[in-house]
Amino acid sequence: MAEMTYAEAAKQAIVEEMRRNRRVFVLGQDVQTGAYAEVLPEFGPERIRNTPICEAGFYGAGIGAALTGMRPVIEAAFSTFCYSAMDQIVNQAAKSRYMFGGQASVPLVIRAFVAYTVAFAAHHSDRPWGLFAQVPGLKIIVPTTPYDVKGLLISAIRDGNPVLCFDDLTLASMRGDVPEGEYTIPIGLADVKRVGSDVTVVAVGGAVHRALHAARMLEGDGVSAEVVDIRSVAPLDRRTILTSVAKTGRLIVVDPAPGTCSVASEVAATVAEQAFTRLKAPVVRLTAPDIPVPFSPNLERLMFPTGEDIVRAARELIH
Amino acid sequence: MAEMTYAEAAKQAIVEEMRRNRRVFVLGQDVQTGAYAEVLPEFGPERIRNTPICEAGFYGAGIGAALTGMRPVIEAAFSTFCYSAMDQIVNQAAKSRYMFGGQASVPLVIRAFVAYTVAFAAHHSDRPWGLFAQVPGLKIIVPTTPYDVKGLLISAIRDGNPVLCFDDLTLASMRGDVPEGEYTIPIGLADVKRVGSDVTVVAVGGAVHRALHAARMLEGDGVSAEVVDIRSVAPLDRRTILTSVAKTGRLIVVDPAPGTCSVASEVAATVAEQAFTRLKAPVVRLTAPDIPVPFSPNLERLMFPTGEDIVRAARELIH
Amino acid sequence: MRTRCSIPEKTLQEMMRRMLRIRLFEERASDIRVEAKLPGVLHNCIGQEAAIVGACMALRADDFLTGNHRSHGHPIGKGVSLAPLMAELFGKRTGVCRGKGGSMHLADFSAGSLGESGIVGSLMPVAVGAGLSARLRGTDQVCLCFFGDGAANCGPFHESLNLAAIWKLPVVFLCENNGYAIHTPQAQTTAVADIAQRAQGYGMQGEVVDGQDVLAVHDRVVHAVARARDGSGPALIEAKTYRYCEHSEFGEPADPPPYRNEQEIAFWRARDPIELFLGRLEAWGALTREAFAAMKAAVRAEVDAAVAFARQSPAPEPQALWEDVFI
Amino acid sequence: MRTRCSIPEKTLQEMMRRMLRIRLFEERASDIRVEAKLPGVLHNCIGQEAAIVGACMALRADDFLTGNHRSHGHPIGKGVSLAPLMAELFGKRTGVCRGKGGSMHLADFSAGSLGESGIVGSLMPVAVGAGLSARLRGTDQVCLCFFGDGAANCGPFHESLNLAAIWKLPVVFLCENNGYAIHTPQAQTTAVADIAQRAQGYGMQGEVVDGQDVLAVHDRVVHAVARARDGSGPALIEAKTYRYCEHSEFGEPADPPPYRNEQEIAFWRARDPIELFLGRLEAWGALTREAFAAMKAAVRAEVDAAVAFARQSPAPEPQALWEDVFI
């Protein structure tokens, strides 16, 4: 075990996989001077590959490499840059295996920052995990701790399918214990980050930590909150969520993305469909409003659900 | 009143608006030889403007024109081509007004075909209304009758905001009565296409007609189904949906898009949140599975919810 | 009389055979489309066979190629068998993509055919990736990237050529310039007369070649492939050609808009790539009219067999819907 | 002594004043960023003022311009007032975008400044649309489209230049080539030495100009704007320039990676656009050192006032969060 930040753990996963498998390589803008500068001498510029600014081009190059035996890791930087390669992600990465009847697959990882609460304004602040969840053929992970990101990224790199990994930047400098060497966390499993019995709080990304904070506050009121970290948006682990709600009878879903057609909507709908008879109260979604992210911190901080919002919602649910 | 097809009614809306307002013009591939061939002599090639194959380029040109006083109608052809302009749609069209503090707006209409059940396979068969609903700043309409498409498209062209109009091609040759001349249907209102009292069927796009078909079949069983046509995905008319469910106590949502984070999920979540106490039974979503669309009709026809599926679900709900 | 070019007679005959395989495969598909209820849409490349075969036959078996929407010819040009392609057009379980892809998504990975795409331009970056992969895996494979004149105006064209150039990748970009994107003539959408001119913007070799002359195409692509293989980087070759058919076939046959005229079609039909080549081979004594007729009959038999295979093949089982989303 | 060029002295002085306004505005923003807790990130263009001002001053008041992420200078170059820009950097209600946009999204539609963009290349098609709009509305407005060397490799560059060329739109594409995209030198990402070479691929005028020489830039852009205005179509002008600062400023100042060296920076600083121009104006007697000092003091006072205005301005009210999503 070593203590390190989320960002360090993520990099460790990739660097270790590069050492284990020569087919793994990194593509992205300024990767040679950025996060991978210190391993550039080890892997060289062929495998730590700087790209021009041409998202469709270099994502597509990643897809072509993946279709022919390589395992690229695309460093997308901000999630909003992914839209410039949307056709490649949706039409090529996600669909190729199916369209070609399983002849080939696209073992590709795309890592994208999800930045918010840092006044980067509308062009750098999207949280599009829900948007991409409408695209069959993609796996989507949103790790929330240093431990999780390393284990999930190793799984992602070894996965035979395209995996989008959203790195919630509110967690980048969060520290935690991370095992040395290799371990994997299966994609498709949610994680009960805190056990409780009165209310289930399902959360994604940075909101998991708001939920844990809320759970600690609720403890003082004698309310026992279970916190489920979605962790994998696609495939979504409905079973863990339903099991939790079956126990608590109450659901709050917390998602910093815009509410309409969000991951929060999906969780709420799943529970309303499959655990309806267990519900003691209406489900509650706490999300960002359906508006672009404003620059001014005075406005931006009103957008995202807080620990206090969760506490308030839990108190209301319980009576 | 004149009887005409959905496709004719849509074109009539645009052509009439072009006559009324010189700022309205059409941009798209092969528009001069395609749908607008017969009005080309009237409007000329400047306003019926053929474009190269460069979606980011010509959508962006539409946005720039809209920001400076024009009202472009972009003929996107298949919805899957929109991804090539995703950055323009999400980062420029949807966000500009907000980012620039209301200094300017983007009165732009994008019309995209939603084709399925015609063996066009994965690259031409997406139904991405739910995907775009994750993008604040866009309005999204999905008309379902000749009457609706004309009234909604006129509203869309006069709207100050970017509007995505998805034309469900399963309806293109459907006929219906359409008033001559000008009328508008407000964007943001759902439409109760059939009044009923036992179960609410909320549907989008072509599924509305599956729902109406199911409602007629259910009538034979003595089950009275209310059919709500979502019609406007964004803004979503939650009030009409909630009012209906408050009356019937039962909800089936039908959406031909993949289920996860779909419009169906949003409707189900809204009801589970805001009409929970009125619900007599679990909500039911009938959607396509989370898979790309296969070519073979033998497979493709298994994907989309049918009238029979709706009847079965309604019977189970009511038993 | 000996062949007037350095290419062995066998190879010349194989070129002819592949051109015939493309043409007869498509003619048949087109003929039976309505009657056999072929699902979906067809985009035929009849008229463009020389550009395709001339280029494909410059490849080694382990080389890659990518296509576009008009791509029945590309895998056939690479030499794959017809039956699984035809079965794919029928949407059958025995199709090369198990009936999941159809006409716009033929692919035969066993032959290095990495697929077609219904999205114009979208496989150009993928071709760059195949070239990159060859380099990173330490092979000397080359990727041949087919695209149309219409694709030359889209962003991925630019990004792909630049990437291949700066990384000196083994990619040969082959533009089948048939003069039109659907009904829109090239001049209306493209700011240069020759797509090949754009190569300069990437410090790349660019050249125009007569796309009806299979040997001319072959010669230039052989040269470009050799350079690509030895590490000298990519090239852009523009083959001027023509499609005889309409852009696509779907539903009931309908009259096309008057976007091109009879003279133009007649002009190009007079330069039919198969006839031109046959004339040459005859003159060289490399293929007699009789041998040609026999070859054609054999190909026709192969196409018949492919159609029979396709017809007899079972439709995919319902559970196939769920297969191959994820590995 | 008379001015050695045909431009009136007043205009020359205004050029200098605008260059100073850009530089002092950014120096101040940079200086106070940490202390005044400016939110978000700054991308300064100090060193590039000649390219910006030389180009902007070729425009008429009703012409349009589009910028990119490094765009404080663009609206200032167009002549807008500083206080609403500075208030925007502070995220205040009085900001030009009411605090919603910030440094990467300055825009002043009243001056034809259609905005900046945090997405590289994404305003290039929008600039094409502004040119198209001028044509369709029957005005003779021109749109000046700023972009960086890094943007020249992205798809929207290609699509925009082709569209503007085929439609002969009044758009002038102005590449501020500062040699780098973040830390990556142009040669590593771009298959040609001069971005301007790519103009040929669009049948367009392309030229390289010394971006440190405000008059050289001005001269070429005046020419291009005049041609664009009279219907002769677009142009691509590449101004070779340099940014003194790091790519961006965010959070605590940190050492940059060693991607460029002191000699290079010194070389370019020796060609400081303001110093070069001052030397010329002095020689021509168009601006004395004293008048320059007075001008600088006046601009500094304007910047002071802008900062004071920004500091005193109120933050946006919470309900502003909900405003201006839809009209």
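We just call them A, B, C and D in the order they show up, numbering each chain from 1.
Everything below uses one rule, namely that contacts are C-beta pairs under 8 Å (C-beta built on N, C-alpha and C of every residue); 3 or more make two chains touch, one makes a residue touch a chain.
What you see is a predicted model, and the numbers here were worked out from it, not measured in a lab.
Asker: Which neighbours do chain A and chain C have in common?
Answerer: Output, common partners of chain A and chain C: B, D.
Asker: Measuring between mean CA coordinates, which chain is farthest from chain D?
Answerer: With centres defined by C-alpha atoms, farthest from chain D sits C.
Asker: Taking the mean of the CA coordinates per chain, how far is chain A from chain B in Å?
Answerer: 29
Asker: Which integer distance in Å separates the CA centroid of chain C from that of chain D?
Answerer: The mean C-alpha positions of chain C and chain D differ by 46 Å.
Asker: Centroid from C-alpha atoms only, then distance chain A to chain D, rounded to Å. What do you get?
Answerer: The answer is 37 Å.
Asker: Please tell me the distance, in whole Å, between the geometric centres of chain B and chain D computed from their C-alpha atoms.
Answerer: So the centre of chain B lies 40 Å away from the centre of chain D.
Asker: Got the chain A residues that touch at least 2 other chains?
Answerer: 51-52, 54, 56-57, 80, 83-84, 87, 91, 98-99, 121-123, 136-137, 289-292, 294-295
Asker: If I count partner chains per residue in chain D, which residues reach a count of at least 2?
Answerer: Within chain D, the residues that touch at least two other chains are 95, 97, 99-101, 105, 117-119, 122, 153-156, 158-159, 162, 166, 188-190, 325.
Asker: Using the contact definition from the top, classify how the chains connect: line, ring, star, complete or other.
Answerer: Chain contacts: complete, every pair touches.
Asker: What residues of chain A sit close enough to touch chain B in their complex?
Answerer: 56, 80, 83-84, 86-87, 89-91, 94-95, 98-99, 121-123, 126, 128, 130-131, 133-137, 234, 236, 257-258, 260-266, 268-269, 271-274, 276-277, 279, 281-285, 289-292, 294-295
Asker: Could you pull out which chain A residues touch chain D in their complex?
Answerer: So the residues of chain A in touch with chain D come to 29-30, 32-34, 37, 50-57, 80-81, 83-84, 118-124, 289-292, 294-299, 302-303.
Asker: Under the touch definition given earlier, write down the residues of chain B that touch chain D in their complex.
Answerer: 23, 25, 46-47, 51-52, 54, 56-70, 72, 87-88, 91-92, 96-105, 136-137, 139, 160-161
Asker: In the complex formed with chain B, which residues of chain C make contact?
Answerer: Contact set of chain C toward chain B: 39-41, 88, 91-92, 95, 97, 99-102, 104-105, 117-122, 150-151, 153-155, 181-184, 188-190, 257, 259, 315-316, 318, 320-322, 325.
Asker: Within the complex, which stretch of chain D touches chain C?
Answerer: Per the stated touch rule, the residues are 153-159, 161-162, 165-166, 188-192, 197-198, 200-204.
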